[in-house]
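In the two complexes that follow, chain A is the common piece, with chain B as its partner first and chain C second.
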Partner chain A sequence: MPFTKKPHAFKAAINEVTLGTGDKAVTIGGENTYPFYTFDNTTKNKPVIGAEVSDIGYENEPEGYKAFFGTEDMVERAKKAAAMDEVAFICLHFAGADPFGANKSVEECIEKAKAVAAAVDKPLVIMGCKNLEKDTELFSKVSEALAGKNIVVLSAREENYKTVGASAGLAYNQKVSAESAVDINLAKQLNVLMMQLGVNPKSMVMNLGSAAAGYGYEYVASTMDRVRAAALGQNDTQLQMPVITPVSTETWAVKESVAEEADMPEWGSREERGIDMEVVTAAASLSAGSDAVILKHPESIRTIYKLIDALC
Partner chain B sequence: MAKFITIGERIHCISPSIRKAMAERDPEPILKRAKEQIDAGATYLDVNIGPAESDGPELMTWAVQLIQSNFDNVPLAFDTANKKAIEAGISVYNRSKGKPIVNSADAGDRIEYLDLAAANDAICVALCSKAGVPSDNDERMSYLMELLERGLGLGMEAEDMWFDPLFLVIKGMQDKQMDVLEFIRMIAEQGLNSTGGLSNNSNGMPKHIRPIMDSAMVAMAMMCGLTSAIVNPCDLRLMETIKSCDIIKNNNLYADSYLEI
Partner chain C sequence: MALKGLDIFKLTPKTNCKDCGSPTCMAFAMKVAQGAVPIEKCPHMSQDVLDQLSEATAPPMKTIEVGTGDAAHKLGGETVLFRHDKTFVSRNTFSATVCSCMSAEQIDEVLAGLKKVDYDRIGERMYVEMLYVNYAADKGADAYLDLVKKVAGLEQILILGVKDVDVAKAALELCKDKKPILNGADASNYEAMSALAKEADVVLGVSGKDLDELYDTIAAIEKTGNKKLVADVTGETVKATFANAVQLRRGAIQDGDRTCGYPSLVNLSRLVPGDAHLQAALASVFVLKYGSIIVMDSMSYAQALPLYGLRQNIFTDPQKPMRVAPGIYPMNGADENSPCAITVDFALTYFVVSGEIERSGVPINFLITDAGGYSVLTAWAAGKLSPNSITKFITEEVQDKVKSRKLILPGKVAVLKGELEAKLPDWEIIVGTNEAIELVNFLRGFDTLC
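What follows is the complex of A and B.
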């Protein structure tokens, strides 16, 4: 009996969400198959890569990274990252805003964000410092300062979704990411709450949580799998937002990427290890359903871009 | 599994206000009931215009366009003895939110409603009965097979035939209830869809009892594999039970606000 191919495209689809404006705007989502199931249907929008540019920590970056960027200046690094064809958007990571760290003022962060926005034409994603109070203020004010730029704020959480959703999503019409730390029921609940607040589901993306491979990553993968299965298989409109996964912030913080070669000679080059961690984690996230991954090292960005290009 | 599908039964010409609205082509009472049911979480709305012998096609066309244009093309079930009215309704029906449902065929006089559904690419409610209440599940199954074979022969997909086990009134047929539930399980075991007029079971009971009995019945029927029911969606207890059963069956991902969505 001849083999009859039966493609399995779902009747439901992930929402399409556009980031940024103008020629360099990028649309993510739109798929109605599992990730890379190109035998079921062509992938409407290929997954994309964002480049993380952090406001602190340049001195600790590996040599290859420094060689590529050549400067600590955030705006210059954002310009260099944006010049890479493989990079679809820039993720400005204001880690230095942390009151228990460098404690940079919100105003200082916003000045940087505005300077980058003036210098690059690719979409911007704003990542905070994980301090709830500071991030809430930063996200609200940056949404105002970059009004019209169609940025993404990463992310609204259970504790601050009302303020962040109201400012970024409602007042300034930016895109809002809802962050749930590997909690599938909370992921849905946050989306429901934001929609009840009045945020348009088409203006929302999800950060379902992240981890470095080997650090509880299996929970991340199974959460993403289950979310995608509900979104497509059960047509769950509360879960059809595209997924943006920050990878570099996790993978460059674990000992495999941090330990110097002098301390761990048997592990070999620190930079190669860091790139490997970033690449494997990003590849796993993409195959579990991320529509965008945020990476840091140019080598990782090039590698993952090739992977995406080869698979869809 | 997909979520349980509710078909709201409250646009029915047996209601004096709806009958009057249909006769006078007065949109308000119909839109009010449509909105109430959609707000309460109904997936489909049943539109029952009765026998409508004189003006069925024209009345159904009016009702379909009225409801769909006001409520984002909400999917509808067509419920009338007038086949021409069903055809007229389907001809103006917008399918973007779901196929139309023909309500209903049986294995007796109404078997041609299946032909009507097949010819119009519609879902068909298929009552597993011929004349009167089947005596046992063997008889119900023979009707199911007859309907299934006819539908497949006409080119329908099996999933578009929603088999109705015929819910029976407890006050009078209490001893038959477990048969009905067992038959739902037999339908589900064949991978087929099912539906039915759930509230038949509580007919004649005091008003405050009916939501309780209907909720118990829907929970037991969903356990057996019922995939849809024709219900009063404004019965909050019933709808909360259905949503909770959908969570337990893993038809819908849990979130704290699951009752609100």
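What follows is the complex of A and C.
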């Protein structure tokens, strides 16, 4: 007697959200199974990869990264990343806007974003510097400057969702990511608040928080598992937004990816460590429910693309 | 099918004798139904009833033990599909691969790698627990047996990947005392292989060309009375392998099908040979979703650091947070004159805060105090992080070892400052930041002031 197959596809599904415009627009979400459970149902839209291009820190990047991009210029790097077939969208990371860091002006960031938008036809995701005030201003202005491009701003948080939601989501009809810190209740609460503000749930994505593998990742995995279970199993419409998870910003900041070979000779090449930390974390995020992951290193991007292709 | 507490109660002696440790037979029955105590705890059950019940109350997934002594490992025994439902029980093991098709240099390289990756992470030893020894038929039996001889003395548990019964028998003779896994049964040879595994008293790995064949072969072996099995779910493709792993686990736990209830083996070395990054990424998927033994080409430090960290995270019991040993952790080359910063022993707090201190580059004596494994605010609310507990820790553990008298408190417990100043008059108590992410700027500013 062979194995009794019991497909467990759900009646509810994750929302479909389209990023960008034209031929290169990409749709994420839409699935009604747990990630990669193709034996339950075919995956409507395969998970995708975004390439992070940061406005600072090029000099500290590993050799392989520099060899691939060859230039510090943000626009040129965005073009090179966009030319990769494996990359579905570009994530412009304005880390340099941090008032306690390089403190680049919002205007300067906007100019860069406009230049990239003119040079690249793949969808754009805008990531801030984690400084609340600066990010709020940046997100509002970039939504205006790139009106009609159907960008995603990453992210609205509990403290600034009103301003960011109103400008990006309502005034300029962009997509807004709602960011919460690895807690299903906080995620749901923020989604509800944004919807009460009038943001269309079909224009929202979620960033449920992230961590590098080994750094409390159990909270990330369990939060994503529970969100997916509630969205599909209980048809919780307040948690059915697709999930975009920034991976590179977490994984390239932990000591496994930062420590120089001279300090940790037994660990071997820093670049290899960084890539493995990035791909292990990205693969875990995808298996727990991310519809898109944001990565940095070209080798990581190629590896995760192969993984998605092999599993979907 | 799982029995209800009342069904079990009917079979108890109903004498409330307390010999089982529970106050009443009813309470005992309820605990058995939850799987909290084994039915054998009651000394008054007839053998008949015991057999009937132990079958019905046995967990849906068997716990299989492999290896001996310190190298012994338990596999399987899971009761839930998601860790948030309760907890995962048996963390997966990792294996490297040698094959009689490899050159002596290649084999030595893998073995050298095995010795290299061996370290401690929050009280857990991280190393490659297993070694897959693959038989290449075209190289002959002698080459394989030589290889088994070469690796039999290692501490790694061997997985003998061999489907030829005669070769398997000879290989077992060389290493059966160390309880290897004989990964050799399939639809064509299972009777002989199962007999061999039973005779040597080792766990048998079973494979099939697809899930149906694998399932049928397991069922057939169970009929011969052998239930010490591991299911090699490796299929033709990555996709088929993942489908097998998930459906088998779901069959066991969700549908209560005991034939599915065996630990799984996933052979990435066979699926994507030579691609180290892809193997690391796929291993990550199988740590989360139902790989019990994950076989790779080899294990480099680059792969080990994230994979072992991830495994330690995922197999943490959600009800028992991971804890770091209390003590003084000098960071960024701190010496006895460097200022102290204190926080709780909750592992996540430790990781986040230590990461930020490291990023700041400022030498700090990072103090971890025993706070029951809670986060800062929870520990404070539960009275586990109090002026008394901090004072005791500082006077007993820190004062003699550190000359600096500056102590940075977590911003969230700024309220403790006054009382601490009274209890530790020699110390300057400084309120730190609320969030770890603000620490870099705080410490750099602090450093300039000092």
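One rule holds in what follows: the second predicted complex is superposed on the first by the 308 of 312 C-alpha atoms of A that agree within 3 Å, B and C clash if a C-alpha of one lies under 4 Å from a C-alpha of the other, contacts with A are read in each partner's own complex, and residues count from 1 in each chain.
To be clear about the criterion, contacts are C-beta pairs under 8 Å (C-beta built on N, C-alpha and C of every residue); 3 or more make two chains touch, one makes a residue touch a chain.
Everything numeric in this text was worked out from a predicted model, so none of it was measured.
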Which of chain B and chain C A:Glu256 touches, first, second, both or neither: second
Superposed model, chain A: greater residue contact from chain B or chain C: C
Partner chain(s) touched by A:Val279 [first = chain B, second = chain C, both, neither]: second
Which superposed partner A:Asn60 touches (first chain B, second chain C, both, neither): neither
Which superposed partner A:Arg226 touches (first chain B, second chain C, both, neither): both
Which superposed partner A:His8 touches (first chain B, second chain C, both, neither): second
Touched partner set for A:Ala310, first chain B, second chain C, both or neither: second
Residues of chain A contacting chain B in one complex and chain C in the other: 226
Parts of chain B lying in touch with chain A, wherever the complex brings them together: 2-3, 251-257, 260-261
Complex contact set, residues of chain A against chain B: 184-186, 188-189, 192-193, 196, 226-227, 230, 234-236, 238-239
Residues of chain A touching chain C in the complex: 1-6, 8, 36-39, 100, 130, 212-219, 221-222, 225-226, 229, 251, 253-256, 258, 266-269, 272-273, 275-277, 279-284, 286-288, 299-300, 303-304, 306-307, 310-312
Complex contact set, residues of chain C against chain A: 82-84, 116, 121, 211-212, 214-216, 219, 237-239, 242-243, 246-247, 250-251, 255, 257, 260, 272, 275-278, 280-285, 287-289, 300-303, 305-310, 312-314, 316, 318, 347-348, 351-352, 355, 358-359, 437, 441
